[in-house]
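Just below sit the structures, each encoded as structure tokens.
There are two complexes below, and they share chain A, which is joined by chain B in the first and by chain C in the second.
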Partner chain A sequence: MLGKLKKLPVNRYIDAGILVFLLVFPLFANNYRVGFMGKTAAYMIFALSLDLLWGYTGLMSFGHAVLFGLGGYMVGLSFTFSGGVPDFMSRMGITELPWFASVLQNEYIASLLGIIIPGALAAILGYFIFYSKVKGIFFSLITMALAQIFETFFANQSAITNGTSGLGGLPRRFFGIELRVKPFYYLTVGVVILVYALCLRLSCSRFGKALTSIREDENRLSFVGYNPAKFKIAVFAISGMLAGLAGMLFVPFNGMISPTELGINLSTSVLVWIAIGGRGNLTGAMLGTLIVNWLQTLLSEFSADIWPLVLGGMILAVIFVIPTGIVGKLKELQYNANARKTLREISQKEELPNE
Partner chain B sequence: MSEPLLRVEKLSVEFKKFKALTDVDLCVNEGEVRVVIGPNGAGKSTLMDLITGKTKPTSGKVYFRGEDITGKEPYVIAEKYKIGRKFQNPNIFNMMTVYENIEVALSGYNTVFKSLFFRRTPETRAKIDTVLEKIKLSGKRDIIASSLSHGERQWLEIGMVIAQDPALIILDEPTAGMTAAETYKTGEMIKELLAEHTVIVVEHDMDFVKQVAQIVTVLDQGQLLAEGTFEEIEKDPRVIQVYLKDDAEQ
Partner chain C sequence: MKLDLRKKLMKTAAAALSLTMAASLISGCDKSDNSDIKIGLLFSKTGATAITEECMINAAEMAVDEINEAGGINGKKLTYVFEDYATDAATAAEKIKKLIMQDEVTAVVGCYTSASRIACEPVVEENNSLLIYPTFYEGEKPSENVVYTGAVPNQQGDIFIPWLAENVGKKFFLLGTDTVYAQLINSQCRDALANIGGEVVGEEYVPNGHNDFSTIITKIKDADPDVLFVNLNGDSGVAFFKQYKQYGLDANTMPVASYLLDESTVAALGAETAAGHYTSINYVSTLDTEANKSFLERYHEKFGDDAEMTVVGEETYASVMLLAQALKKTDDYSAESIIKAMDGISLDAPEGTITFDAETNHMYLRGRIAKVNSEGKFEVVYESPELIKPNPEA
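And now, the complex of A and B:
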């Protein structure tokens, strides 16, 4: 048992640490802090979803916030429409809700759509991108353009979305459950654990190995009998659904949603969180999200100008000193120690005559 | 005569007006070991590219068990027709462990759905262990592939091909760039394969060719130059000329 524990990858201990931290946090913090931590927990789900896509499969999406924001907008619009024509609409002289409002008014359907629509968008987009053999930087460029398009579109459709001011006064509800801050926080942490378990299961499965092989050399993989395009579409769709789910949990803590939640800023931020934490091992995505978001609030309270400097420093450090991120570096150290031991054992065996 | 396992008919390919392969015919029967030789640039690798779907031919046909597989996607040829290939330069997943490289190649779970529900069972473990034994990398199963020696990388790729359970194995210069000791070990490894599989092997090492070949196919400048037993080929004046010319150039 103890031997088995010792063999565990170093990041599993960090996972356990993060989990305990999330669980005990509300015992020592006020509601304001718990609300902030709730947003961070939702961001962790978001980062996990992107880690599947970028960390494991090597598809660097520069527009992942679109999928996050769509999830958020589904529930946001649902709450907004639930009380009939909202104020911002009547102020524009609109007296009737748009045709799709009756669908979204049903909270359960809206919640399901918050997962399905981002997943479907990713699947459709993936179908066209991956079958047309768009590779590498072009995937990043297309997704970046997508973020720009969606951000502008949601800002311009002010008759429905209230433009750049966004939808406000949103309650803390998730699939029909309305809770106070702390219980809602624990609900969110529960979802974080489920999503983490799902991602872990996916990454350890052969599906996950195929994703890593795509990152390494997708042409080689096709000669082993896989169709890489199908795997990329599948992982993009799964990633999109999880991002939408993250958005649905973020909005209740935030109390509002605006076009910035589906734009390039957030899309780039989440890439930075993952890069700092370390990509392709799930732990790094969660740890990076936690560290960056917390440093940001703590330092901003301390002084207004210091945060951009610290963030810039962290990005440079990751690029030049630990390109694999914090967790990536730790895993490397552990692997090197193990590999050295294995190789020593092999060479000792070979030195024995007639063995 | 019954249909051969692989039948290549008048296969040609051009790269920007350069005729890399012209009207090549080739038949390989089930259980056969075929060696393909020829000077550098003769089109040996290109022929393998056409069979495995990496390159689409300009004209001609490839039949596998009588079925037309010309121009099909590489993953279809690998998965449905079970043609496994080892590339000339070791082509493996560098940042994955030896074990993971073999695991991903293991046949039978290559669709999204099946791969999602793949579980490491005692059987799959045993199968991977057998492959690791065969390629003599059992001790290094947890080592990242990029830190293997050149020879070991070649073996790992041979292991990936074995794990695919192929009906036809294509080995493109499996001993290229190896030390003498490694070449010997590889020879033993391949001889084991030959006993159980249909194999096409591209090779330069004449001692090796003599040892394993039943029929040798000689390519030169994209064309079929000669075909026959090693003894026949050895005596063929055209083959001698091509190889002498090659030697004289060097």
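And now, the complex of A and C:
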């Protein structure tokens, strides 16, 4: 048992560390910090969803926040419409809710839609993108344009979305359950653990192996008889659903949602978190999210000007010094140490053949 | 050798990181003692509106310093905690939570964008705290936990439209970004024109971030209005003014009137492009009064001659002063009693005396119409004889 534990890759220890840290955090922190950690936990789900797509499959989405924001907007609109015509609409002279409001007023349907719509959007987009063999940087460009389109679209539909001001005053509810900060935090951490387990299961399965081989060499995968497009559409859809779920958990902590939550800003931020943490191993996505978000809030409390400088420095450091990210580097070190140990063992055995 | 360098780099980076983290933790500790009154300042030091909000931060700091130099608040020192919301509404909500729940500030002065205010309102309401919002804005149903010191549309439009109709011309062309704000002030403009026999010869809305106005300028030329009533957000506004000039429209025959033309827009456009256009606002930095001159002198002494002052900076200064006066009148620092203490306060601000309206939590303000002169400075061409009552729900 102990031997088996020792053989685990280093990042599984970090995973355990992060999960324990998330669980005990509220015992030492005030409600404000717990609320912030809740947002970070929702971001961790978001980062995990993108890690499946980018880290494992090699599809660098520059518009992943669209899927996150759509999930958030579903619950946001549901809360907003539940009290009848909201203030911002009546100020524009609108006295009737739009036709789809009656659907969204049902919290359970809205919550389901928050997962389904981002998943469906990803699947449809994936169908057109991957069957037309769009690859590499062009996938990134299309998704980037998508982020810009959605951000502008939601900002301009002010009769429904309240424009750039967004929807505010949203309660801490998830699938009809309304909770105080700490219980809601534990609910979110529970979802983080589930999503983490799901991603781990996926990445270890045959499906996960297929994804990795798409990243490494897509042509070879099709030579052996698999259709890469199908795998890519599937992972994009799964990733989209998880991103939507993350958005639905983020909005209650945030208390509001505005078009910036589905724009390019957040889309690039999440890429940076994963790059710093290390991609393609789940741990890096969670660790990077945790480190960057906490550094940002602590440093900006200390001095507002310093944060962009530190972030820029971190990005440069990752690119030039540890291109595989923090966790990638640690795994590398562990691998090298193990290799040295094995080599030593082999050479020792060779020296003492008569024993 | 290469490896060594990498190791060194890593070590330096790690050291720098841990140092900044340690420093941030230390600074997180509470330095003030119990006899201080702590307020929060929430503005953007980074982000898209950082340039506009710089003078708000400066003005707030200056107000706090001046209050303390004059003996503080009933002998107590006024201190502040600053937070940067980086022109992001979600960050604003997050930071105001931190100010209220962690720093336990008595009140927060801050927010510039409407999105940030709307995001902060539920937080201050939930915690029964107080936010003082120092920006002219579109108006809303007043929150019981917010004091609004900036102008609302009626305080700009009530004098602006009749004055323009009388002194410039009666044919108006309305153009705005497709937002609640622009639609609201345009409908107010239409109502006002109907009352005085004016005429709307065209009305156009463009989406956020729109920057090609060639089609609209052709429509404007066809409609041939006397006044262009234009309220475009941010970069759209700058793009419009530039194309206005390129397409040969002339400020002498068809000037632009806008609520959103301030010192920083004029600076971005340059004097040549901005000259001849009008705005209506309660304060411009060129205001020729003793109070304003002395205010600007103190401001420039503190922050240098190049530091700009705009209406939002002046309103921020007035907000901190208003809060200080209210705190002097009460021993109970709950939002309710601070707002109650504001009732009846007449504040001698750089823009002149303004008074608090307990009915709406807004301010009675003096309306002013200003024209950009050839040097790119605002010249006040009209001043309302009375303070104008705020009507935030118009």
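FYI, the second predicted complex is superposed on the first by the 338 of 355 C-alpha atoms of A that agree within 3 Å, B and C clash if a C-alpha of one lies under 4 Å from a C-alpha of the other, contacts with A are read in each partner's own complex, and residues count from 1 in each chain.
In this section, contacts are C-beta pairs under 8 Å (C-beta built on N, C-alpha and C of every residue); 3 or more make two chains touch, one makes a residue touch a chain.
Just so it is clear, the model here is predicted, and its values are computed rather than measured.
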Check your understanding: Thinking of the overlay built on chain A, is A:342 touched by chain B (first), by chain C (second), by both, or by neither?
Key -> first
Review point. Of the partners chain B and chain C, which touch A:212 in the superposed model: first, second, both, neither?
Key: first
Exercise for review: In the three-chain superposition, say which chain, chain B or chain C, touches more residues of chain A.
Suggested key: C
Check your understanding: A:32 contacts which: chain B (first), chain C (second), both, neither?
Key -> second
Exercise for review: For A:132, select first, second, both or neither according to whether it touches chain B, chain C, the two together, or no partner.
Suggested key: neither
Exercise for review: Pick one for A:102: touches chain B only (first), chain C only (second), both, or neither.
Suggested key: neither
Check your understanding: Taking the superposition as given, does A:227 touch the first partner, chain B, the second, chain C, both, or neither?
Key -> first
Check your understanding: Where on chain A do the contacts from chain B and from chain C line up?
Key -> none
Point to revise | Touch list for chain A against partner chain B, complex | key: 202, 205-207, 209-210, 212-213, 215-217, 219-228, 230-231, 234, 335, 338-339, 342-343, 345-346, 349
Exercise for review: Please name which positions on chain A make contact with chain C in the complex.
Suggested key: 30-33, 35-36, 39, 87-88, 91-92, 152, 155-156, 158, 162-166, 168-170, 254-258, 260-261, 265, 295, 297-308, 310, 313, 317, 321-322
Practice item. Over in the complex, which chain B residues touch chain A? Could you list them? Key: 52, 54, 73-75, 78-79, 84-85, 91-96, 100, 103-105, 107, 109-112, 114-119, 139-140, 142-144, 147, 160, 164
Check your understanding: Which part of chain C faces chain A closely enough to touch in the complex?
Key -> 6, 9-10, 13, 16-17, 20-21, 23-25, 27-28, 45-46, 82-84, 86, 88-90, 93-94, 97-98, 101-102, 113-115, 118-119, 121-123, 140-141, 178-180, 183-184, 207-209
